[in-house]
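Per-chain residue numbering starts at 1, and chain names A, B, C and D are given in the order in which the chains are listed.
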Amino acid sequence: MKRFAKISVAVALVATVGLAKEVKIGVVLPMTGPLAAFGQTSKGGLDIAYEQNHKLKNGDTIKLEILDDRGDKVEAATATKRLIDKNKVTVILGEVASGNSMAMAPIAEKSKTPMITHASTNPRVTKGKKFVTRACFIDPFQGAIGAKYALDNGYKTAVVVVDAKQDYSVGLAKAFKKAYKNGGGKVVGTVLINSGDKDFNAQVSTIKAKNPDIIAFTGYYPEAALMARQARAVGVKAPFIGADGVGFPELVKIGGEAVEGFMYSDHFNEKAASSDVAKAYIEAFHKKYNKPADSMGALAADAYNMILAAMNKCIDEGKAPTDKICVNTNLRNTKNFQGVTGVISIDKNGNAVKSGVVNEVKNGKFVYKTTVNP
Amino acid sequence: MKMVKISFLIISILFIWFAQNYIDPYALSILNNIAIFAILALSYNLINGVTGQFSLEPNGFVAIGAYITALFLISADTKVDMFALEDPAPIILAMSLDFLPALLVSGVVAAFVAFILSVPVFRVRGDYLAIVTLGFGFIIKILAINNPKYTNGAMGLNDIPEFSNLYWTGGIMILTMLAMLNIIYSKFGRAMKAIRDDEDAATAMGINTFWIKTYAFMTSAFFEGVGGGLLAALLTTISPDQFTFLLTFQLLIIIVLGGLGSMTGTMVGTILVIGGMEWLRFLDENMTIFGYETGAHPGMRMVVFAILLIIMMLFARKGIFQDKELTEIFKKGSK
Amino acid sequence: MDFSTFMQQMVNGISLGSMYALIAIGYTMVYGVLRLINFAHGDIMMVGAFVAYLANSAGVPFEISVVIAILAAMLTGILTDKIAYKPLRDAPKISLLITAIGISFFLENLFNVLFGGVPRAFAAPEYLTKILHLGSIVIPVTVIIVPVVTGLLLGITLLILNKTKYGMAIRSLAFDIPTVKLMGINADFIIMLVFAMGSALAAIGGIFYAISYPSIDPLMGILVGLKAFAAAVVGGIGSVTGAVLGGFILGFTEIVVVAFMPELGGYKDAFAFVFLILVLLFRPTGIMGQDLERSRF
Amino acid sequence: MILELKNITMRFGGVTAIDNLSFGVKTGEIYGLIGPNGAGKTTLFNIVTRNYTQTEGEVIFNHEEISDLKPDMIVQRGIARTFQNIRLFKSMSVLENVLIGFHNQANYTYFESMFRLPRHFLFERKLKKEAMEMLERFGLVEFAEVNATSLSYGNQRKVEIARALATNPKLLLLDEPAAGMNPNETEDLSEIIRRIKDEFGLTILLIEHDMKFVNNMCDKVLVLDYGEEIFEGKPSDAIVNEKVIEAYLGDFKHA
């Protein structure tokens, strides 16, 4: 009887190798629209990881189905439904903006399709969801990094700028305020903006009136650059501190020297990466794009590799890599996964516990300052 | 002639029953989209095609309908958890209704807003109607963004229970079609067409054109509100940015392609445009034409549609059905 | 709200107002002559800003790329008229409006496809982005240049309209195109001139807008265009000075009111449309306008 | 006296179109308004139909001052009109055009139509019957389903009058009904006008240039020149009146 079992496993292996199936991963990214820079840089990192490896243990090849949601949450929801129902993908990778991910999460959960977001830091994306995991840290941690760094450097009073249109910004602002108050800082004001706005005269004059030591900007880079410009133009001297939504070359291009000294927390910085996985990725990145590797690309690569690792584990357990339940379970149980952005392990609510960095804009360049561990 | 109408009715009811049970989810979601856009286009055609008032109001009323229905459907504790900027106002927490009453209330509220809007709008003639209704759409969006206590602000609403299936969307589509045809084939429909052809002559016939235009505007608004509610319950997530002018632009293409003033034309227009939008999606994605990788160009689909609309206006201004109904074409043909 | 901040906001208000004015002039001229709301006009402003950006980043000196941008915008305006509006000269009003919307969508999405939706940094030369310090008031230099240039252009436009042969032809077209044609004036050439002038002014407005708010994207023309048209209606559609007046009123209100009551910030974009509805209710012809409704009996 | 106009003056900017004019029309009369082009005839017409508001003066219809009524209100009071250039509804059939005239006589509400309640059918049938009778009276039954604007000029004029009659008027205003018609069409038209006047007990106020038509139709005429009254009385007297001839001949002098 044993012989027969061995033969059938061999046959199964041969059979699967023979007709190496395609395993589809659905990817939803904002390739156009206000958040286009996030989408395009994420795809850059994903392409590197795909070139490095797109074969599973059993010979199946990975196929990426990438859809653009124009940075709009309804389009993100529709794209997710299309990927699951029409393209029959096994896993959904994406999205960047927390608002969009929160529109996608219920759809993935309802159809029991594992979904991993590589960059949405708002805790409510994975809250109460068994099929949604995350490859990046969450806002309470990132808010704490920014608050601690500001207080350590003697900025006692702060005005918090919130982008009322982005869940990411609202969540981050709440976390920053909590950590800043606990650390002894004083929030002297909150100012609302809407992403897509260009004129911040009103907000800037309110900040000038409050005259804080530091301005905590929790939105994305297009508005950050414009506000910095208009603040400097009105004579506001206080430095800005932001988060991963700000760390993009366009910040300097649009902001000019108004963004000099702009501090921000982030997932990854080339200089701080030590592991050989990271080094291989950075080297491949420089060869392909000859510009410094950014955090969005690195996170996307990590998420992609975590999916492959989970699928390979399913194959070891004798299940098919397209078995959504198995892939999801393995994804949720990822422990000490050596990724480009550091060691990643997923806790019980599907969030990643990992370290973060703080960078600063110094004459037009993003300079690494320090690393903060969970 | 009666037979033609009855047979159409039966065929569509059978089709809806068949589609809901036997078609794969993706195709079903397209059918749902077509049904909802048909409701919006049919009612939009009343004010635009039949009464000849060039208004750009749909996205405003669809937004009203979507928000009201969503707020009625979402349970109180989901609201508390979802509202991030400010806690929901007591009235918002108290709001809860079943699907049908929620849709009806959305329609009535939209119609009431239309009535208030019609006072400034119909006092004056011509192009200002287009700009004011366009401005109305913006004002609704800005109100939604700046009142987080009532609408969760710019982040919109998620986790809306998915009630919309083809029975609801298809059923209401049929009711909308019947209502529109009943209005057109009555003294009110004739009065609307008279206003479209020559408003002064209509006044000289003793028609109070202000009221007739307001009836048409309120009817359009009612069904656009209901359509908005169905859309919210289909997409399960809505946000202020979603109800932009693009929605009105799509409806414009539909009624122009189908034939301004023709309801059967609008049905055909909806199927062609919404089906086409989905089918042309490949234009946005990476295409390999003769081996040449074009790379993904999102937005190409809309460029094609914009060109299509301009060509249609230049060469086929009357649309497929002109302003005739299917039945009329049969009648004309047969004589 | 101390004095310096007040002056600060006054100056910003004038600058934004003049940008609206530049774009509003184009709307009012086209409407005055053709009774057509040129929905694509806002996007022509975007074309101006984008072409200036593209030429400049391709190494062309800023001043020349501005000229190229103006020419490109004029060409776009003229082509729009030739391809989409001329064949429909005597079609029902509704077809013209739908075609105008079609052109507007075509331009937006074409630029979106060609240059992607990524907001781009608009690099203006040093002398345009310098910041002056008058006592405690901090004034970016554009805030002075823009109103001055606008005043200049308004003067030139009025001069052309009132003093030149073509200007007279344009003004007469505003009353009755068929009769003007009878008098041997090539109406289509004059209409082309109107589109060219309107588009050129819109391009300049677009470039100034891009200098003050240096991130440009294909959809930047929509809202600004609509607000400029609302300003033209408030000022009195058909009257160029009315359009400029309307533009200033709108620009001024948006900046100053929001500066005094920051919590109204979110409603900034709605002011234009609230003005519009008020004007329609109480004075449909606008502040300076006269009733263009030709007698129908 | 069914219609009375007292000291009517109408100024457009600097131009005085009508200068302090007063006249009255008795019930059952066919009253003609004649005069050279630009004499103010159509302006006077539009004052009666309230499309224009006179600068000074009163308009009394059926002993009621109607100056502050809107154009559609005076139709319900019983004043119907036709237009100089026939303005039929181009997308509708002849029958539908006439049905528009009956609009206010069908009192069923919007919802009764939408939900097809009995009153809708009741009135629609009644309206259709009355409309067909009206077409019969004008000999247009065979064209009922035909698109109104595809008819001959004479027939289109008949449809327009039929449509005006459908509003059940007491006073019918005809703006150059015989314009552009050949002699036997004019004859046919004047015969119909006389018949409907008696059958519906109408009063008719008409503007006309065709003196032969005015002569055998009108009981009384008012001749206008530059907005002033230069003659009122029987048409036969008007033709021989020295001032009237001078006004018309004068036309050549001005040219």
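Keep this in mind: a residue touches a chain if its C-beta (ideal position, glycine included) is under 8 Å from a C-beta of that chain, and two chains touch if they have at least 3 such contacts.
What you see is a predicted model, and the numbers here were worked out from it, not measured in a lab.
K.L.:
What chain is most central when centres are computed from CA atoms?
P.N.:
B
K.L.:
Specify the chain pair with the maximum number of C-beta contact pairs.
P.N.:
Top-ranked chain pair by contacting C-beta pairs: B-C.
K.L.:
Give the label of the chain whose average Cα location is farthest from that of chain D.
P.N.:
A
K.L.:
Measuring centre to centre with CA averages, how many angstrom lie between chain A and chain B?
P.N.:
37
K.L.:
State, to the nearest whole Å, the distance from the C-alpha centre of chain A to the C-alpha centre of chain C.
P.N.:
Chain centroid spacing, chain A to chain C, equals 40 Å.
K.L.:
Using the average of all C-alpha atoms in each chain as its centre, how far is it in Å between chain A and chain D?
P.N.:
Whole-Å distance between the two chain centres: 76.
K.L.:
Hey, how far is the Cα centre of chain C from the one of chain D, in Å?
P.N.:
47
K.L.:
At which residue positions does chain C touch at least two other chains?
P.N.:
Each of 112, 117, 266, 297 in chain C touches at least two other chains.
K.L.:
Which chain A residues sit where two or more other chains touch them?
P.N.:
Counting only residues that touch two or more other chains, chain A contributes 31-32, 70, 164, 194.
K.L.:
Indicate the residues of chain D shared as contacts by at least two other chains.
P.N.:
Expected reply: 51.
K.L.:
Give the list of chain D residues in touch with chain B in this complex.
P.N.:
Chain D residues touching chain B: 49, 51, 70-72, 75-76, 80-81, 83, 87-92, 96, 99-104, 106, 108, 110, 113-116, 120, 123-124, 127, 145, 163-164, 167.
K.L.:
Which bits of chain C are touching chain B when the two form their complex?
P.N.:
Touch list, chain C to chain B: 31, 35-37, 83-84, 87-88, 91-95, 97-99, 101-103, 105-106, 108-110, 112-113, 117, 222-223, 226, 229-230, 233, 266-267, 269-270, 272-274, 276-277, 280-281, 284, 293, 296-297.
K.L.:
In the complex of these two chains, what residues of chain C are touching chain A?
P.N.:
Residues of chain C touching chain A: 5, 8-9, 12, 16, 112, 116-121, 129, 131, 136, 138, 140, 213-215, 217, 220, 254-255, 258-259, 262, 265-266, 268.
K.L.:
Could you please specify the touching residues of chain B with respect to chain D in the complex?
P.N.:
Chain B reaches chain D through residues 179, 182-183, 186-191, 193-194, 196-198, 200-209, 215, 261, 323, 335.
K.L.:
How about chain A: which of its residues touch chain B in the complex?
P.N.:
Per the stated touch rule, the residues are 31-32, 66-68, 70, 72-74, 77-78, 81-82, 85-86, 99, 102-103, 106-107, 124, 164-167, 170-171, 174, 194.
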